[in-house]
Amino acid sequence: MIPELMIALSVGAALFGVGLYGALSQTNLVMILMGVELVLASALVNTVAFWRYLHPDVTAAKMYVLIVMAVMALEMAVGFGIAVARFRARGSVEMEEARELKG
Amino acid sequence: MSIVLVLLALAIGCYLVAVFEGWAVHGRFSLMRPAISALALLGREQILPRTPDRLFFETGPILLLVAGLLSVAVIPLAPGLIITDLAIGALFLNAALAYVLVALIMAGWGPNGAYAMVGGWRFLGQFIAYAMLIVMPITAVAMRAESLSTTQIVLSQAALWNVVYQPIGFVLFVIAALGVAWLPPIDLPTGGGDLAGGVEAEYTGARLAVWRLARLVIVVALSGATVTFYFGGWLGPWLPGWAWTALKTVAVAAAMLTLGRHLPRLREERYLAVSWKLGISLALANIFLVGVIALLVPI
Amino acid sequence: MSLGPVLFLAFFGIAAIWFGVVVFRTQSMVRSAIALLFSQTSVGAMFLVMQAEFLGVLQIMMMATEMSVMAIFMVMFMMDPGGMGKMDMTHQKRLSLRAGGIGLVAALVVIWTAGWQGPVPEVPGADEQARMLGREILGRSMFIFESAALMILTAMIAATMVAVAPQERDRP
Amino acid sequence: MTVLSGAREGAITGLRGLIARAMARDLCAFVVPGADVARARGLDVGAAGLHRTDTPRHANVLLVAGPVTPALVEAASVVWAQMPRPRAILALEAGDIAPLPAPDAAGVLAQDGLVAGLADLRRAFVGGAFAEQVADFEAPALTTQIEYTCPMHPEVISDEPGKCPKCGMVLVEREVSGAAQKGHEGHEGHEGHEGHEGHEGHEGHEGHEGHEGHEGHEGHEGHEGHEGHEGHEGHEKSPERPAQAENTGHSAHAVHAPEQPATYTCPMHPEVTSDRPGSCPKCGMDLVPRGQAGEHGDGGHSGHGGHGSHAGHGSHAGHGGHGDHGGHGGHEEHGGHGSAPDIPGIEPHFMSMVGLTEGKPVSPDGLVMEWIDAPFGPFFPGLPGGLGLTLTLDGDSVVRAAVSSHASGPPAPDLAAKDLPDRLAALSPLAPGALRELACRALESVSGIAPGPDAATARAAAVERERVASHLNWLADLARQTGLSWLERRAAALHQGLRAAGTDEIARRAPAIRALAGRVRRTPLLRDKLAGIGRIGTSGAEGIVGPVARATGLATDARADDPAYAELGFATLTQTSGDAWARLSQRLAEIGQSLDLIARAGAIALPEAPAPLPRDGHGMASLETPRGKATLHLILKDGSAGTVHLTTPFAALAALVEPMTRQMELAEALTAIASLDLDPWGVDA
Amino acid sequence: MSELAQYAILFGLTVGVLGLVLSLHALARVIGQSRAEPAKDVPAAAGSLSRDPVWVRYHAKYYGYALLFLAFDMEMAFMYPWAVVYREEGLVALLDMGVFLAILFLGLLYGWSQGALRRQ
């Protein structure tokens, strides 16, 4: 029983829950990205916690964290790029309307 | 103990910079003026704009002050005379300065006024311009010092100051620093003649006092960082180390404040284009040059 | 165990969760972006408590810049970014709540039932950690590192391709 | 012990006394009507120990420098209201400044007066910065009415809270000042009605955009009871309304109906209104009289502005035929996706962003954003004082600019011929000498007496001195705007020294002025900042005058036809590129040229009205003022001026602003506007 | 001083700033409260009363830069650890990072050529 690890993992779980709720419930592309960011943050917390409290000798864990951070940034860059393009074409980044306009 | 001393030195430094700024802006040298202005500001009303985002409006100056103070915290005044000698000090400085942007966005969005909002978003553009230019020169500095600790960085310059070792990085860093502290000629978010105060236009009274104090702290932090990274920190003959740091910091701050008064305010588009097209290329070249030199010459 | 890290970890953890909840509860879009920023900052502070200093400070810095950029995109593309209209921008709320809740509960169950054992190991100092990471980048993970570059390149090209307006007339 | 007119509430105790003393030594002034006017009137604010601020929020002194027009007093009262207490007024020969409170210190309009007034003010601050009891400041310009509007549809305006008929969002409270409210009732409410009436006739206008609205309407009929359409429901659900609110729109309609033909509007953008014919700033179409537009009004998106407001008012409930159209505006928005079936999962509240952006003007990069109107005047720090400028901003770029003058007073009634030079000179503080000269020339042309050649050159020299001074003053303003504080100080100091100098004095100062001009040209980055900004092509430059025209390469200069100048060896200078940098170069070159002309003239004499004043007749004179050619038509009847018609360069230059700044970044647009050197004073005299 | 203690100091500094600001506000409060007057709370706009809200969808025309920045910014996460071991790794580090940065620079060049580096 390592209390620090439990706290960190619980926080990770909570962030995951909140992020999942956000990503599913939001109607707007940009808001959905925010949910995804939170989910990724929870992955970061968990990885760092595992590294710190279970395997501090595995530096690859940190490499993994760096890559996840990069993914967060790139996901945003591409997501916003898509948002710009969609907004330019349709005048909206609402997901509902995207579906609606398809038909 | 060292914390108190550094904070004291910071307070004195801020005061001197304020005196100097008054001199540069109004053309009058007065040792008393900053104190009087601060007192007068405290006595004025604190107006809260209508339908503001009050949380942002209040938090903006505080966050700015926190960002400034935390970036000062990793700047060594002398060996041992530093608030926290972090092993990754240079990165921490960078991180603290990133919150200047957040504070300005909050302050710009908060009051729901046109000038402030334009100023806030304009600063985001300015940030995008200078961000890489502050990161990459620091990387080059860290390459030479083989450490991100600010103390180590100073020690690595014992043989030769970085301003000689990597002059390109120095120039880029100063340009970026002017942008961080929104000093002229890169004072886009507040530009007197073209935004009438911009992000700080709605602050009055004690909030404005905090805002101005924070700005001074940031200026001191940036000149302190310049001294640490490029002018060999406390290194110097005759005088004690802390005196050298203090002298150099005030001199750099004075130079930064004066320089801008003689240049017209940059166009945002221009700043962005130059930083990205020329600045980043130069910064990469700087890294490469430093890399080659560091491999060839063991100093 | 020592009390300090536990307290700080809990403090920043609660802050991270609370800010994360605020992201989806506030009406103002800029607030939402800034709340996400502070949520991520708190996560970074947790890293610091967990002595992953380099990663913590990096997280704190990267998120400040990224979320600020996110704020401007929020303001560009969200209706009513000031949140003055108090409108509801959600859908399938019940489903989402349920999914989020299930995810949370499942993770918690796993966490609390698994038997994490062992003493808390010591970690090297921050300076050494940064070096180790550097050696990792230049050694074993070199290909991961280079593929990260390719990833970034792809993202840059993709973002440019979709987002930049076709140049009808070149401005000087 | 006197109490400041803007004292702060609270008894003077130890701490407050200390602070009051600190305030007395730290006076920050917001200068009304502007630093350029203050300088032109001989005040050097900085030298007097006063710190000039950019925003009223940072000021504690309102400095009224000389007489101001009623419109400017109104604006000054807004500034006064926005200054934090304790605040004080320093008025220098400002005349009647009500509704502002009586000045806390006053003085003559000169540097001495300013210094003396400041000393008084300091004493007043020490004793009266705080007071036990203070009264609120009230002014007509500040009174407000509350109205409710949709954050997404600004055209939806209601008198009470509710939901937006278009998108179902909760309406937010908004205050409007008394004057604006009047305008709203007149225009918006009216528009709405026009739209309804025009509806019947709109089949006949197939070729127009207007019929899109018609389709929208059809869509509506096919969609009775559409669920997502909050607004419609909201409207029907609120049949009971206070009688007062119910009347608003209608009474406005009745009152304003006769004014109908006086306004012009764009067939596609009904929100564009103008009292003159012209072209639409959004689409360039010719504006049509309001009545006619109403017939097409349904299609344009603020045709439904009117509808929307009616739906909000809910006042057609008992209105027979009109009731039908109540929610029509909302449905037009819907027209864009009227064919879409109901989608499961969309909650009833769901509002359409597509609808929100559809039909709105698109930026060059293809994104549809919202625009705000931001005022940049009359007291904007980097622009001429009294210049009213409203920029419509699409984010950080300007999409529309409206220039007006707050600084021109009503034309004086009957005016004795002998007063004419003085009265005309008092019109504009920025070019009093030129206007005086113009008046004298006009009087001379009535009487037929021409001055001798020596007198003519001496008078020309006086005009040239004013030109140099005016250009220096402009340079100081430009420096303020571009953030060159050294240049601002230097140019202002030289301007002060030159304003009223004799020829010897000017000869002594000329080298310094020329040196400054040289240094400005060499200032690093200045060229980079100004080049390419606000470029005017020669094709679009018809009718413009002065240095701006000469900077584009048009050699228009009234001095070229003047015998006095021919004697001094005047030759027109021009630049070619027509951008802000060319304007700066042109003015710097003109400064040098004017100094030469003064040196050649050898003497400076202010003009005098011709000795036997003419009593009747018609005269006309024109003159190259520092900003371009001004013309004065004068008809004298019985010793008093029956008709005085003054044409200043303002109108021609102001017309440049709109096309010049379109899609420019805000700071660049302001620089471009500053480079025109607009003089808003004495425009419609 | 342990690393955690150092961060605790920084945290304390943050709290201290908060305290300082609060006490300044308290001092200002002692001096007096702001008087609510008509139009005083309207954001200052050079003498015009402009009561319209400005919180609208803001068109920031530098978004081309912003998108590139989001991606390009990540590069420094790798560069700092690289910089501290640069000298001990020598030529390998130079070449490795050279390739990395060359790839990134390619992206920058692409964005440049496609007009991302300008006002949109």
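Order as written gives the chain letters A, B, C, D and E; numbering starts at 1 within each chain.
One rule holds for everything that comes next: a residue touches a chain if its C-beta (ideal position, glycine included) is under 8 Å from a C-beta of that chain, and two chains touch if they have at least 3 such contacts.
Bear in mind that the values here come from a model prediction, so they are computed numbers and not experimental data.
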Query raised in the report: Any chains in contact with both subunit C and subunit D?
Result: A, B, E
Report task. Spell out the chains that contact subunit A while also contacting subunit C. Result -> D, E
Report task. Using the touch rule from the top, work out which pair, B-C or B-E, shares more C-beta pairs. Result -> B-E
Requested in this report: Can you figure out the chain closest to the middle, judged by Cα centres?
Outcome: E
**Report entry** Inter-chain centre distance, subunit A versus subunit D - centres from mean C-alpha coordinates, in Å
**Finding:** 48
Query raised in the report: Approximately how many whole Å separate the CA-defined centres of subunit A and subunit E?
Result: 20
Requested in this report: Please work out the Cα centroid separation of subunit A and subunit B, and write it as a whole number of Å.
Outcome: 32
Report summary line: Per the C-alpha means, the centres of subunit D and subunit E lie apart by a whole-Å value of 35
Report summary line: Two or more other chains are touched by the subunit C residues 5, 28, 51, 53-54, 58, 62, 65-66, 69, 72-73, 75-80, 82, 84, 91-92, 125-127, 130, 133, 135-137, 145, 148, 152, 155-156, 159-161, 163, 165
Report task. Spell out, as numbers or ranges, the residues of subunit D touching 2 or more other chains. Result -> 8, 16, 19, 55, 57, 82, 84-85, 151, 172, 175, 345-346, 350, 353, 356, 364-367, 369, 372, 374, 380-381, 395-396, 665
Requested in this report: Note the residues in subunit B that touch 2 or more other chains, in rising order.
Outcome: 42-43, 45-47, 50-51, 86-88, 91, 109, 112, 114-115, 121, 124-125, 128, 131, 147-148, 196-197, 201-202, 205, 268-269
Requested in this report: Identify every two-chain combination in which the chains touch.
Outcome: A-C, A-D, A-E, B-C, B-D, B-E, C-D, C-E, D-E
Report task. Sort out for me which residues of subunit D touch subunit C in the complex. Result -> 150-152, 164, 167-170, 172, 345-347, 349-351, 353, 356, 364-367, 369, 532
Report summary line: In the complex, the residues of subunit B that touch subunit E are 3, 42-43, 45-51, 61-62, 65-66, 69-70, 73, 83-88, 91, 109, 111-117, 121, 124-125, 128-129, 131-132, 135-136, 139-140, 142-143, 146-148, 196-197, 201-202, 205-206, 209-210, 268-269, 272-273, 276-277, 280-281, 284, 287-288, 291-292, 294-295
Query raised in the report: For the complex, which residues does subunit E have touching subunit D?
Result: 30-35, 37-40, 42, 44-61, 119-120
Query - subunit B-facing residues of subunit E, complex - result: 1, 3, 6-7, 9-10, 13-14, 17-18, 20-21, 24-25, 27-28, 31-35, 40-46, 50-51, 53-55, 58, 60, 62, 65-66, 68-69, 72-73, 76, 79-80, 83-88, 90-91, 93-94, 97-98, 101, 105, 108, 112, 117-119
**Report entry** Residues of subunit E touching subunit C in the complex
**Finding:** 3-4, 7-8, 11, 53, 55-60, 63-64, 66-75, 77-78, 80-86, 89, 92-93, 96, 99-100, 103-104, 106-108, 110-111, 114-116, 118-120
